[in-house]
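In the two complexes below, chain A is the common chain; its partner is chain B in one and chain C in the other.
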Partner chain A sequence: MKTVNQAIILSAALTFSALFLPAQAAQSTVKITSEVHELIEVLDEQGKPQQKIIAADEITPGDHILFTTRFINQGDKASDNVMITNPIPKHTRYLEGSAKGEHFTITFSVDGNVWADAKTLKIRQKDGKYRAATAADYTHIRWKYNRALKPSEKKSISFETTLL
Partner chain B sequence: MLNHISTTSKTSNACGRNSLLLAVLSCVACSAFGAGTPAGTSIDNHVEVSYQIGSDPSAVYIERAAHSFTVSELIRSNVSSLTPQGIGTSTPASNAVLSFQLTNTGNGHEPFMLTTIDGLADQFTPDVTGIWVETNGQPGWQPEDTLYRPSDGGVPLAADQSEVIYVVGNIPANLADEAKSDVSLVSTAATQGAAGQMIGGSLSGLGDGGIEAVIAQNNARHHDASHFTVSTVKLDVKKTIASIKDPYGSELFMPGSEVTYKIRLVASGKGTAKNLVIDDAVPASMHYKNHTLTLNGKALSDSADSDIGRYDSDRKIAYFSPGTIVAPATYEYTLTYIID
Partner chain C sequence: MKYLTTPIKLSVSLAAFLLSQASFAGGTDAGTIVENTATISYSVGGAAQAPITSDVADFKVDQKVDLTVTGDSGTNIIVSPSTARATTGNKLTYVLKNEGNSPQDFSVLVKHLATDNFDAGTGTTTSPQAFEACQFTVTPDGPGTAIAATAISATPPVVSLIKDESATIEVTCSMPNRPDVDDGHLSTLEVLAAAVDAAGVIMAESTIADREDDIDVVLADGIGASDANRDAIHSDTQTYEIDVPMLTVVKKSAVISDPFNGTAQPKRIPGAVVEYTITVENTSDSVASGLTVTDVLTAAIAGEVAYVTGSVISTSGATPTFDAASNTVEATGISVPAGTTATPSVAVVTFRVTIL
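Right, the complex of A and B next:
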């Protein structure tokens, strides 16, 4: 009886594990890092304004912030449907047109659920009517890679905000 | 400089004398400059990447990364004159007052030191006897307000907070008519080292709670100016009831009685008073009788036109705007109100 019970318990445990085994039981192969910098305007030798990236250690209201995500496929197989989602940090406002990523389709959301490009995204007003969403309404940004991420391939995406 | 006189009509009183109000002092409610995200706030960025390996749509992998930074303190102030048109004063005069609003437009708590710059070259120099902070709740300066002392370490202000500041001084004797003195109130952040920094400079560890402090103005300083202007013209205003006519031909106060007031303006001394405006608000329980404005017996129109009279039916105020008068001179204005 004891052996049978043990077998039943073991079987149940295995089943339990199988039901709740996370999909990413195999080792994750895409590694990502997040960086934050400040963007300032400086004058070059000809007196023309140029943007300069500096460390984000003196950021105050009104400053421009650059958020960069870098990722690399460290596996030996291509990764498909690579999608990066970044909520716009609290206390900041997205700078229109600043989201970048080569070979990515970029969409936006005002609630984290519905996604659309900048030209078609709408937001519901208090009176129930919809209007075109502006950069100030965005709560999330999403980048969808239009290709497979090959082994050892590195990519980066970025966006800018203003600190409110 | 604006010379503005307000008179009021009362149903039962015979007269009201108003002293010259050379400027309108309005204590502006704390204006919201929007100091922004408070110093010390942590800004957190969270990013997530999802992907598949192979063609199995259920094999979705997720990786996350995060990065945070702390908002630095922005040190910045704004000084704004509440009497940009200046204050008229006699010569000599004591306790002449210029009013300013000091606002912390940074995003952290900061004390500000105050100083004045009194009188440009070729102007007279007032004897500034004190800088005061409005604290007694009564509009305008009173000795019960708080005298500013540099030894107290500055006027402490939270982000977006304002205080009304008075610069009080004595005006010298024997000054010429229209002699002027520009007086600036200067605010400088009290944080150690701030005054020596140019715009964009930073002070490591000297912001609120030990965070970085960033200087938004050269020498962490801001100022604004107003001025004293001497006027040797003395204006005296007296208001009396010239006549009463009730509906029955007598001189009783009753509904329907027409009360005609006379405002006598006497400019004595020597010199010129400019931009002079007299306004008279319709009192409660009365209404204005159209087309009754006169100057020295001559009818003025109710509408805003080339003559100096005007009745504003929306605000229910009658205006006499003689503009510039040269002393000595006497003017008599009349207008009629009807008791409701």
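Right, the complex of A and C next:
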């Protein structure tokens, strides 16, 4: 009895894990990490405003947040079709134009299904008509790497939001 | 196998709805944990691999303490002297708002400024209106216990407001009697609200380094009428302005008769009778009562004219008299109703003299 139960639980867990995308330590060749910082404005020696990256302490509504994602190819083969999808965190609003990544094509979505660049993405209004989507409408950002990720190659991408 | 312990937001439409909901003035609630995860998909040698999700990068939203006190009127509140505290117009109104991102207690202090002409709710004379010290009420728009009419004192009461909630503060006072106050005199009252903790101590900014699992305090209030930036206090003033009747007095004369022409085109020659008309005009919207019109006949004193005994008449319920010793015409107890600039109300006193 005990064995059967365990087998059932294990298979349920495996199914569950397939839905929830766990890290597969034995086989993963790409390692991905996510970081959060605050961006503040300081004046340099000439009195010009510069942006400074500080730890995300004492964040209150209105503050400027920087999310950075780093990944590295830990395997011995190159990876293709590398694509990173990032839902925009709850309680934040994406800052237009802030998504960055060298050699990436960056697209956005307002529903997680349809992807388009910032200029062409549209959102459906209540009356059924479509209008151009703005940064406040975005729900996801996607970075598509235009090259192959070579073994040991490291890349980082980032985007900024305000805390609502 | 590593399982994610934090839930993924599978419902994207719900996320969009919640994002649009969070744009209140106070902002995201203090204590909220904001999380970010990224998922990477890739293939090796053309074979798609299982997508990998990053660890969660998160932070806890700290407490932003912010408040505003705003006087309701951009202009002075016009009041009449000798009016009771309960008089409809004797009210100053302010709005206190919790602009922070968490529920907050606020102490409400009301004070008289010293830089104005008088203090409403005070007076040295008790007639016709005895003074009634200023009182105030604090009424929250939403949840939170209202503060019933309370006197101004050094120990302010405390009101609790949730995020983005406002409370209306109303100050009422009696107005002093004439001549303690005059037309245009001002009395300014200031309301200072301070964000306080459960012990009644004014909130202070967290001076220690951020503690990841605790909520730190950031003060975000601005500069008010008499408080500093980011001191957990905001303030504003409102002013009573005394309005008393605007009266003008005009004196005219007309010759009534002379010994030679009689009343047909009489001239001002010795023996002629001249009638003086003193007109008091009220162009204000308040009745003027208890007036006394006094005219010292300097020409009589100089021996140029002689008062015609018994000739003084008043049209406005006054008791006119002439004092021969001082050559003074006096009419007391005159009342002039309210009028307008275009059509003033008048009270008239007339008397006659003979040219000597």
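Please note the rule applied: the second predicted complex is superposed on the first by the 138 of 164 C-alpha atoms of A that agree within 3 Å, B and C clash if a C-alpha of one lies under 4 Å from a C-alpha of the other, contacts with A are read in each partner's own complex, and residues count from 1 in each chain.
Note that a residue touches a chain if its C-beta (ideal position, glycine included) is under 8 Å from a C-beta of that chain, and two chains touch if they have at least 3 such contacts.
Predicted, not measured: the structure shown is a model, and the values here were computed from it.
Model built by superposing both complexes on chain A: chain B and chain C clash. Partner contacting the larger number of chain A residues, of chain B and chain C: C.
When the two complexes are overlaid on their common chain A, residue A:Ser156 makes contact with neither chain B nor chain C.
Contacts of A:Pro89 after superposition on the shared chain: both chain B and chain C are touched. In the superposition on chain A, contact is made by A:Lys77 with both chain B and chain C. Judged by the touch definition given at the top, the superposed model places A:Ser98 against neither chain B nor chain C. Once the two complexes are overlaid on the shared chain, A:Val36 sits against chain B and chain C alike. Once chain A of one complex is fitted onto chain A of the other, the partner contacts of A:Thr134 are absent, as it touches neither chain B nor chain C.
Shared interface residues of chain A, touching chain B in one complex and chain C in the other, are 23-24, 28-36, 56-62, 65, 67, 69, 71, 75, 77-87, 89-92, 149, 163-164.
Within the complex, the chain B residues that touch chain A are 35-37, 39, 41, 43-55, 58-67, 69, 71-74, 107, 202, 212, 214, 216. Contact residues on chain A toward chain C in their complex (touch as defined above): 13, 16-17, 20-25, 27-36, 55-62, 65, 67, 69, 71, 75, 77-93, 110-113, 136-137, 139-140, 149, 163-164. Chain A meets chain B in the complex at residues 23-24, 26, 28-36, 56-62, 65, 67, 69, 71, 75, 77-87, 89-92, 149, 163-164. Touching chain A in their complex are the following residues of chain C: 1-4, 8-9, 12-13, 15-16, 18-20, 22-23, 26-28, 30, 32, 34-46, 48-64, 101, 206, 209-210, 216, 218, 220.
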